[in-house]
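First chain A sits with chain B, and in the next complex the same chain sits with chain C.
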Partner chain A sequence: MTRHGALWVGGAILLAVVAMAGLAGVIFPEDPFAMIDQPLLWPGTPGLPLGTDSLGRDIMADLFHGARASLLIGLASTAAAVGIGIVVGALAGYYRGLVDDALMRLTELFQTIPPFMLAIVLLVVLGTTLATIVTAIALVSWPAVARLVRSEFLSLREREFVQSCRVIGMSDARIILQQILPNALAPVIVTATVLVATAILMEAGLSFLGLSDPNVMTWGHMINMGKDQMRQAWYIVVIPGCALLVTALGLNLFGEGLNDALNPRLRRQ
Partner chain B sequence: MAAARPASVARRDVLLGAALAATTTGATTIGAKAQAPKRGGTLVMSIIPEPASLVCAFNTAAPLTVIGPKFVEGLLSYDFDINPKPLLATAWNVSADGLAISFTLRQGVTWHDGKPFTSADVAYSVMELLKKFHPRGRSTLAPVTAVDTPDDHTAIFRLSRPAPAIMSALSSSEAPILPKHIYEGSDPLTNPRNNNPIGTGPFRLTQWQRGNFIEMERNPTYWDAGKPYLDRLVVRSFTDAGARAAAFERGELQLAGTTPVPLSEVASFRANPKFQVEDRGEELNNSLDIMEFNLRHPMLGKLEVRQAIRHAINSELMVRVVWSGLAMPLISPIPSTLTKWHSTDVPRYPYNPAKAAAMLDAAGAPRGAEGMRFKIRLDVPSISDVYQREAEFLRQSLRSAGIDVEIRISDVPSFLRRIYAEYDFDLSLLPASVTADPTIGLQRYYDSKAIRKGTFLVNASGYANPEMDAVLDAAAIETDAGKRRTQWERFQQIAMRDLPLIPLAMPLSISIASKTVHNFIAGADGLRANGAELWVE
Partner chain C sequence: MKKRTKKLSSVGSALSAESTERAGKKVWLLFSKRSACFLARRLALALLIVLGIAVCNFVLLHMAPGDAADALAGEAGAGDPAYLAILRARFGLDQPLPVQLWHFLLRLVTFDLGYSSRYGQSVASLILERLPATLLLMGTAMTLAVIGGIVLGVTAARFAGRAVDRVISLIVLLLYGTPMFWSGLMLILLFSVRLDWLPAGGMYDMRVRATGLAHVLDIGQHLILPAATQACFFLAVYTRLLRASMLEVLGLDHIRFARAKGMPERRIAFVHALRNALPPLITMVGMNVGTFLGGAVLGETVFSWPGIGRLMFDAVFQRDINLLLSILVLSSVFVVLANLVVDILYVVINPAVELR
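So, the complex of A and B:
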């Protein structure tokens, strides 16, 4: 696939998911948890293109509302992770020395604990609401961003344009925010798209273990609720599973396409 | 696809019906008596999960109550109607005033270390161990003031007041008798023998590989000559239901209880001639799922609101979608398994959303924005996915009636603290064990004297009705069986009229055995029996 192909296909998938999320409330204004018909109706039942789950809920409606929650969780936790990562990475990379040591040890502390395990522990302690799930995923995702930003800063801070800024007496804050950060953002944006995919998958994994907000319909929650019926009604699990797969694929393609577009020198010929 | 719908439902119902018919006629276990038991062999069973120790006197964790009785025995065992049968006691007599229960103890019984079993062991176990350290024994045995031992084979319980519930709480799993010579002078909770028990039971521990298996061999000096039939009993803990189902199918596992396989697969086990599926054997336990109201809530404090909520719940549909049909809908807090006391003459609340809506309107809770009347929280302990499904079902039922519900799922310690120490809840969903006697299991949820902030699993609703208290207190000390039945009938009427809690359903606790296993459920003790009768082809 050409790099533009990846960008376009990924972008199209993302657009479709965003449209699902945006239209969920319009097409399916009812409560996604509403038990509207008999349980375990197969896809293709008149009026229910994707059938019903074990509690008699419309899987199509759940899928649309799930897109909304999954995207929200993915974007919010990535935004928070990127925010933390940039602050930590920028300070460490720009100031080096003691600040760097302290912040990097902290980052390593987070990196040595498997992220999924840490997220489970955090949710068990904090309880499972939408906000705590976003917090937990953000808290386990930021170290990668921090490392990336730090390495960019370490190399950029030695460039002539930065040194010239220093010579004319520009403050550290202005150098960091106006000079170095804009130049360091390209790889961060690429990483962020992958992080969104990771966050969505992690939410699904946590939901599968029962660590989801029971008041919010997500794809992971749909899989969790359907796993007992795997032998009789596999579609309950497979449908949201495919949605997850396609969304994650779309995000990865989009990220890869973006990477090629933003880093022309790294193009693989 | 649509056409296949009624057919598949019908097929499942037929299978279920056939399986239920097979179990209710007792074909699975009682029919096996026709065959002469075979000596020898090894049986592999599973418990969920592995227990922390092997003596069930200080801890009532479910797996421990299954494995403990293989080593240590109680005075009595029970038939399916909870009538006592001899075990370590061969005869018993309750005095006319109900203040003395005398037991004639079995002769010729020795502990695993060869010392004789005597009445001194019974007195020590009851007064020093069970009364002081057993979680339920503290209250069940509270009326016992002394155990007299006129000779080595007679033990007389002296009571401060009549306590009929004691006679249904002396099973091996609920009140095991432990050797005085091992426990005297030690801290019973940390006695090393808790992990390598000395008992009178049919099995002795040979090996315990933690996290893997517990292996027992037959006790050659067991008092019931010729038993146990098995040479070895191996207990393995499998982590999840799917793994247990696979182990059954591979033949690596022959016996397990507490619904060991996924609910959705029980029907296929019932239909499979390689297996036996038994619904009985839980009559001493009777764990119900209940939804308790916090009556301090301005809306939930109104009787009509609680009754309307009961009308809004379709119990039959709930049993079908939440438990795949493997639960009994309840019309009162005493389930029909307790045949002596279950009553059908109680206020009923058939599913009727229109009536529920009308009652809520009349109670001063009209529909407001988005059709909702008011919003409440439903607290759920994080025990299994089933509770989550149950909670979601309840939320949708209440939403249909215009009551918005937010579900809060928390780990068990947080749940207990929130409900019982802080009263920070509106509705709570929890399992409640009725046990073999409502005085032990149910009084604590209805008695106003059981409103004790900080004590877990008691009356958290704040329900206080002097009429209810009087019935409960009378039934707790009534020695006449007929009068006691009348009192429990009255209790069920008041409980279902006032509805401080809704008994939702009793999930079936199903035992599965491979076809070659015999006598695995022989009475109300179920898998909690001592296992002396078990044999394999």
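So, the complex of A and C:
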């Protein structure tokens, strides 16, 4: 697959998932938790292309609504993580010294608890709603962004264009926001795409353990519900898993393609 | 720690003899005065971090709604306030929070992890009982992943851009995007539900109670699926990482020299290039070993593997704060130790790196 191919294939997959999420409320306006037919109907049953689960819910509808939850949680938590990471990393890398030390110790503290464990504990403390799940995932994912932004700032702050800004008396805030940040964004964007994939997989893992918002249909929850019927009805587990796999694959491909497009220097490999 | 890497000036076969000798010296140096200082400082810092984590976790967990008394009383079906008060007094939950924190830290320092409210057993004995299972799973999965990652990563780098490389890249992409718990379920579906070759969960057969060699074989059989599940994900990460770092090393002078000497390609790749390409892999493996306990929650749940991850998950739902806190502190100790081992391994593998 050529490098541009990765970007296109990844983009197409993402577009499809976004379409699923956007159309979920239009095609399946009814409650995804509602029982609509007999339980455990196999895919291909007339009117039910993907069948029903053990509680007689339409798997197709659940899949569409799950796309919405996955994308929402993935994007929102990544946006929050990138926000925190940029603030912490920029301050640490730009001011160095004591600020850097303090912020990096904080980052290390967060990195010393296994992320998935920390997310579980946070959800136990905060309770499981859509907002707390986003918060928990954001709180365990920002350290990577902070480190990346910091290293970019450390090298960029010594460059001549930044020094000349300082000479003409530009304020720190303007140098950070207008001069350095735009130059540091490319790798952050690439990392963010991969983070969305990680966040979606983490959310799926959490809902598989039962830590999901009880009012929101997610792919992880579908897998959790189906795992006890694997002997008779394996499709309940296979379908949402494939959706997760394809979505994560699309995001990773997109990130890889973006990386090559944004860093032409690396293209020789 | 800062690393200072000297550019390797001499090349060829003399280099490997020299570097082995230097590596030997460096290993010995680990016990010298200067490195003793380094180790002491790192250990002190590590201790501080673990202490910080312990306090943070303590405060965090006590903000959680409901405590062990609620959970126990809920299970017994009794919401009687007097009973709850007795339970709280027994676990020390009636004391003010700072006092509880102080007691917790005192116990931690003396390695007395307290009593699990749920299992009615000391936390230390519970953890020691479950730890071997997790370590066995981790050791097997990591070994598989590292060996597989090295073979696939080096092969992909040697044939970069060719068909083999593309097939490997595709496999890596697929494994990388698969949620670990789901691939575990799929392996169960295939190998135990459909084919009935391997057990679907647990660590040994409860019905047979085998002993001796049969017992070992029994555990091995139960180990295959969970270990393969965890290994697959890490395998993808390592292959990807090693391919990139091998590609960089393969362009260096000493490789060109070895090639000019007529050394076989496979030997160049696995002996001369691999050694220089290893540091990023070591860092990553160290990180993954450190955070393995976290990921183990999912893997052990899927396969009902009786390890620490499963124990932690039960502790969460039973509000067994003592047990949960101990596991959290234990897992940060894991992370800190893994980081330290990585730093030391750097010196062993690359004599040009200095401990500071």
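Keep in mind that, in the parts below, the second predicted complex is superposed on the first by the 267 of 269 C-alpha atoms of A that agree within 3 Å, B and C clash if a C-alpha of one lies under 4 Å from a C-alpha of the other, contacts with A are read in each partner's own complex, and residues count from 1 in each chain.
Definition applied: a contact is a pair of C-beta atoms (placed from the backbone, for glycine too) under 8 Å apart; a residue touches a chain by one contact, two chains touch by 3 or more.
What you see is a predicted model, and the numbers here were worked out from it, not measured in a lab.
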Touched partner set for A:G241, first chain B, second chain C, both or neither: second
Touching partner for A:L23 - first (chain B), second (chain C), both, neither: neither
Which superposed partner A:V124 touches (first chain B, second chain C, both, neither): both
Partner chain(s) touched by A:L15 [first = chain B, second = chain C, both, neither]: neither
Which superposed partner A:R231 touches (first chain B, second chain C, both, neither): both
Touched partner set for A:Q38, first chain B, second chain C, both or neither: first
Touched partner set for A:L177, first chain B, second chain C, both or neither: neither
Greater chain A contact set [chain C / chain B]: C
Which of chain B and chain C A:L109 touches, first, second, both or neither: second
Contacts on chain A seen with chain B and repeated with chain C across the two complexes: 124, 127, 227, 230-231
Chain A to chain C touching residues, read off their complex: 1, 108-109, 111-118, 120-122, 124-125, 127, 197, 201, 204-205, 208-209, 220, 223, 227, 230-231, 234, 237-238, 241, 244-249, 251-253, 269
For the chain A and chain B complex, residues of the former touching the latter: 31, 33-35, 38-39, 41-46, 54-56, 124, 127-128, 210, 214-215, 224-225, 227-232
Footprint of chain A on chain C - complex, ascending: 49-50, 52-53, 56-57, 60-61, 63-65, 160, 166, 173-174, 176-182, 185-186, 188-189, 193, 244, 247, 290-295, 297-298, 301, 312-313, 316, 324, 328, 331-332, 335-336
Chain B residues within the chain A interface of the complex: 1-2, 4-5, 262-265, 268, 320-322, 324, 380, 382, 385, 388-389, 391-393, 395-396, 399, 406-411, 414
